[in-house]
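The next part holds the structures, each set out as structure tokens.
The same chain A turns up in both complexes below, where it pairs with chain B and then with chain C.
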Partner chain A sequence: MRTNDVILKTATQLIIFIIIIFSIYVFLAGHHNPGGGFIGGLMTAAAFVLLGLAFDIDTVKKTIPIDFKMITALGLLIAVLTGVGAFVFGANFLTHTFDYFMLPLLGETELATALLFDIGVYLVVIGVTLTIIFSIGEDQK
Partner chain B sequence: MFTTILVVALSLLSLSLLGSIYRVIKGPSPADRVIALDTVGITMIAMVGVLSMLLRTSAFFEVILLVGVLAFIGTVAFAKFIERGVVLERKRDH
Partner chain C sequence: MNNLIIAPLLIPLLTGVILLFLRKHIVAQKVLSMLSGLAIIATSGVLLGDVLTNGVGSYQLGGWQPPFGIVLVADSLSVLLVLFSSIILVATTLFTYKGLDLERKNYYYYPLVQFLLTGIIGAFLTGDLFNLFVFFEVLLMSSYALIVLGGTKTQLGESIKYVLVNVISSALFVTAVAFLYSMTGTLNMADLSQRIAEIGQPGLVTVVALLFLIVFGMKAAIFPLYFWLPGSYSAPPPVISAIFAGLLTKVGIYAIYRVFTIIFYHHPEITHQIIGILATITMIVGVIGAVAYNDLHKILVYNVVAGVGFILLGLSSFNEDGLFGGIFYLLHDMMIKAALFLLVGAIIAITQTTKMNQASGIIKHYPLLGWSFLVAALSLAGVPPLSGFFGKLALIQGGFLAEQYVFVGVLLLSSLLVLYSVMRIFFLVILGEDRLPETHNSGQIKGLVYPSVFLLVLSFLMGMGAEFVYPYVADATFTLLNPEIYIEAVLKE
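Presenting the complex of A and B:
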């Protein structure tokens, strides 16, 4: 029987962008408000899982043509490098600092190096979640 | 006065949550249970909204949007499992 789920597919194409924008907002707001790399990564992974639900795993692999295990490794590498980078300035491992910069559109913004560590957490959470879910999904024939 | 109104609204919402949970336990078909679980999620969103007014904080607003997204994805996954038997297909046949 051929099923027609055009409503689900059309709604998904809209909702995915809302979820990803919300996850990026939660990720960037994590320094002063509730949020951070973990919940932002989970929301982005949820958006891609919704894409896999409405379409199929091949569509997700075509949309993001990157191996999710590579995303995990890249995130771990970034997180370790932010720790090692403190050695360059003669500080202890994982020493973080912040400063205020004038950015063109945002005005005076506080930029912390903890954001770089959070990017690593974000990528690791996306990679691990999607690897687990899509490995289980590909299990059946 | 305002606190009393919020507490009354919170107790009414918890009563409707109890009704939904009764339908989750009792529901004859799986579809009844899935819709009841979706209603539980929506009622929890309303309760978090009233609670954040009661506690005078804006720290829970992300939770509202998060539960909305998770309830939607969960309902879609359950609906696809009931209809097709699989949640994630490897390749579409149409």
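Presenting the complex of A and C:
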């Protein structure tokens, strides 16, 4: 029988957004400050794990109806394709570049193609972590 | 553009990723795996011709100059090995069409094999020591998953041992790389070679060299680090064993060849002598195992160990003939070992047992299978017109030139015992009176024999057309003996 953990559930509903926003911040900061795809992905995964702890795995599956194995595959595909993309510009595999762009709201921003590769890493880390945790967790049934 | 060098690495990686999306579509997986194998054969074939005419090629990842970035280096040895690995991929993929249960195919067999090949090809092509470690891990991770795929009791037991041994050897690898980095400050192999040549390989570097020998020896299964191999290679289904026997130990051997010809070649009287002694004992241990057992898998697995000894002997004699023989035998061994494991897989599918004395008379019902096995067995032992002969001949010449008479004597005697061990299978299981279980029918075996026939035909052509293969292997030998060619190609200004 589950105890009535209303405090945990309410707190989770708030905290989870803070964790995800922080993880995305860390993910984007990776180029100039400590952070990056790996740690950002782990934190995002941690947010989902918290959701799984406060509710249960079925709730998480209902909230995020995605196969995490596909997320891993998608991340790998993105990472490889950013490397292959360099061929289009006649450069070697994994050649990266950056430039400054004027973006609305953000002003002058440095955008690097390394970010695209990092999105791949981010997705792979989320996919792998959650696949591991949820496939172990499911065996309890 | 020389993007050709990275193509053999990218093809299996991309295919593997795409196959992850196609989990439910087994037919698409089969077709794509096959296409990937053929594409790697084509690109590495073109690359091989390119290396022979234009010399060693190097490719800077991300456009960073070595030694600061990672380089891929394509010399004849690595490209030959890439070519032969992809041939084995094609043959084993063909075998899986009928020779692997649907359960395993459903659980990512094909993507795992593609990732395994990514790791193997990456390890062959890389010119950076830490990158070599990473590719070793890529191939090991895939092999962990492949060895346990299916989850039978023996597989679980053996995979624990296999994972444990490889985790330890990987930790040692990192330690060895750390020692070397702290001494030289670089990880690029060409740069390492130059710096060690400058300081003349002092004793401490030799110690690190031996640490590398332990690390790669554990992957390549030399004595006394082979103990994990007999169990783990006989646990998974035949097609996975064939991939392992054809490719995995060979990556360790390649790494030993590479490291001890490019980086640590200044004190061969210590390092190469030790390799020679270990290789000799490996041969002895291998043939003892091969002769001792009555189990088909065990006999083949110990032949893998003996083969490792043969190949490393070429490195130990460290002259043109020895290295030529080692490389030629390595290429031959990859194909023949894969073919033998596939043939034995087919035999086990008929007899339903791995024991030698429980069934016999296969040749009456399956002549193609029987005669293929005979050809494979004779080729393994090195009977003249077949591919095993030229490698061993050159190995023996190299051994005599280096005055390693004891090693050569053991090599000859081991060849005899290797022949005895496989001919025993031929006489007891394939010939003999008709004692097959009732369940066998000729339809189920058809698709299982053709892949091995394909490999045997190639290996036969390699033996008959040794003259055609000769320039490639000779070029590989030349590069190994003259590391400045390699260094020049990587660090060209």
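Throughout what follows, the second predicted complex is superposed on the first by the 139 of 141 C-alpha atoms of A that agree within 3 Å, B and C clash if a C-alpha of one lies under 4 Å from a C-alpha of the other, contacts with A are read in each partner's own complex, and residues count from 1 in each chain.
Operating definition for what follows: a contact is a pair of C-beta atoms (placed from the backbone, for glycine too) under 8 Å apart; a residue touches a chain by one contact, two chains touch by 3 or more.
Note that the structure is a prediction, hence the values are computed from the model and not measured.
Colleague: When the two structures are laid over each other on chain A, do chain B and chain C clash or fit?
Modeller: fit
Colleague: Centred on chain A, what angle do chain B and chain C make, from Cα centres, as a multiple of 10°?
Modeller: 100
Colleague: With both structures superposed, pick whichever of chain B and chain C touches the larger number of chain A residues.
Modeller: Answer, by number of touched residues of chain A: B.
Colleague: Contacts for A:39 in the overlay, against chain B (first) and chain C (second): which applies, first, second, both or neither?
Modeller: In the superposition, A:39 touches chain B alone.
Colleague: Classify the contacts of A:3 with the two partner chains as first (chain B alone), second (chain C alone), both, or neither.
Modeller: Once the two structures are laid over each other on A, A:3 reaches chain B alone.
Colleague: Determine, under the contact definition given at the top, whether A:55 touches first (chain B), second (chain C), both, or neither.
Modeller: Touch status of A:55: first partner only.
Colleague: Between chain B (first) and chain C (second), which, if any, makes contact with A:90: first, second, both or neither?
Modeller: second
Colleague: Based on the superposed arrangement, let me know which partner A:15 touches: chain B (first), chain C (second), both, or neither?
Modeller: A:15 sits against chain B, while chain C stays out of touch.
Colleague: One more residue to check, A:137. First (chain B), second (chain C), both or neither?
Modeller: In the superposition, A:137 touches chain B alone.
Colleague: Under the stated touch criterion, which partner chain does A:72 make contact with: chain B (first), chain C (second), both, or neither?
Modeller: second
Colleague: Looking at the superposed set of three chains, what is the minimum CA distance between chain B and chain C in Å?
Modeller: 23
Colleague: For chain A, give the residues common to its interface with chain B and its interface with chain C.
Modeller: The overlap between the chain B and chain C interfaces on chain A is empty, containing no residue.
Colleague: List the residues on chain C that touch chain A in their complex, please.
Modeller: 1, 3, 6, 10, 13-14, 17-18, 20-21, 23, 59-63
Colleague: Enumerate the contact residues on chain B facing chain A in the complex.
Modeller: 59-60, 62-63, 65-66, 69-70, 72-73, 76-77, 80, 83-84, 86-92, 94
Colleague: Given the complex with chain B, which residues does chain A contribute to the contact?
Modeller: 2-3, 8, 15, 19, 22, 26, 33-35, 39, 43, 46, 49-50, 52-59, 133-134, 136-138, 140
Colleague: For a test of understanding, state which residues of chain A touch chain C in their complex under the given definition.
Modeller: 69-70, 72-73, 76-77, 80, 83-84, 87, 90-96
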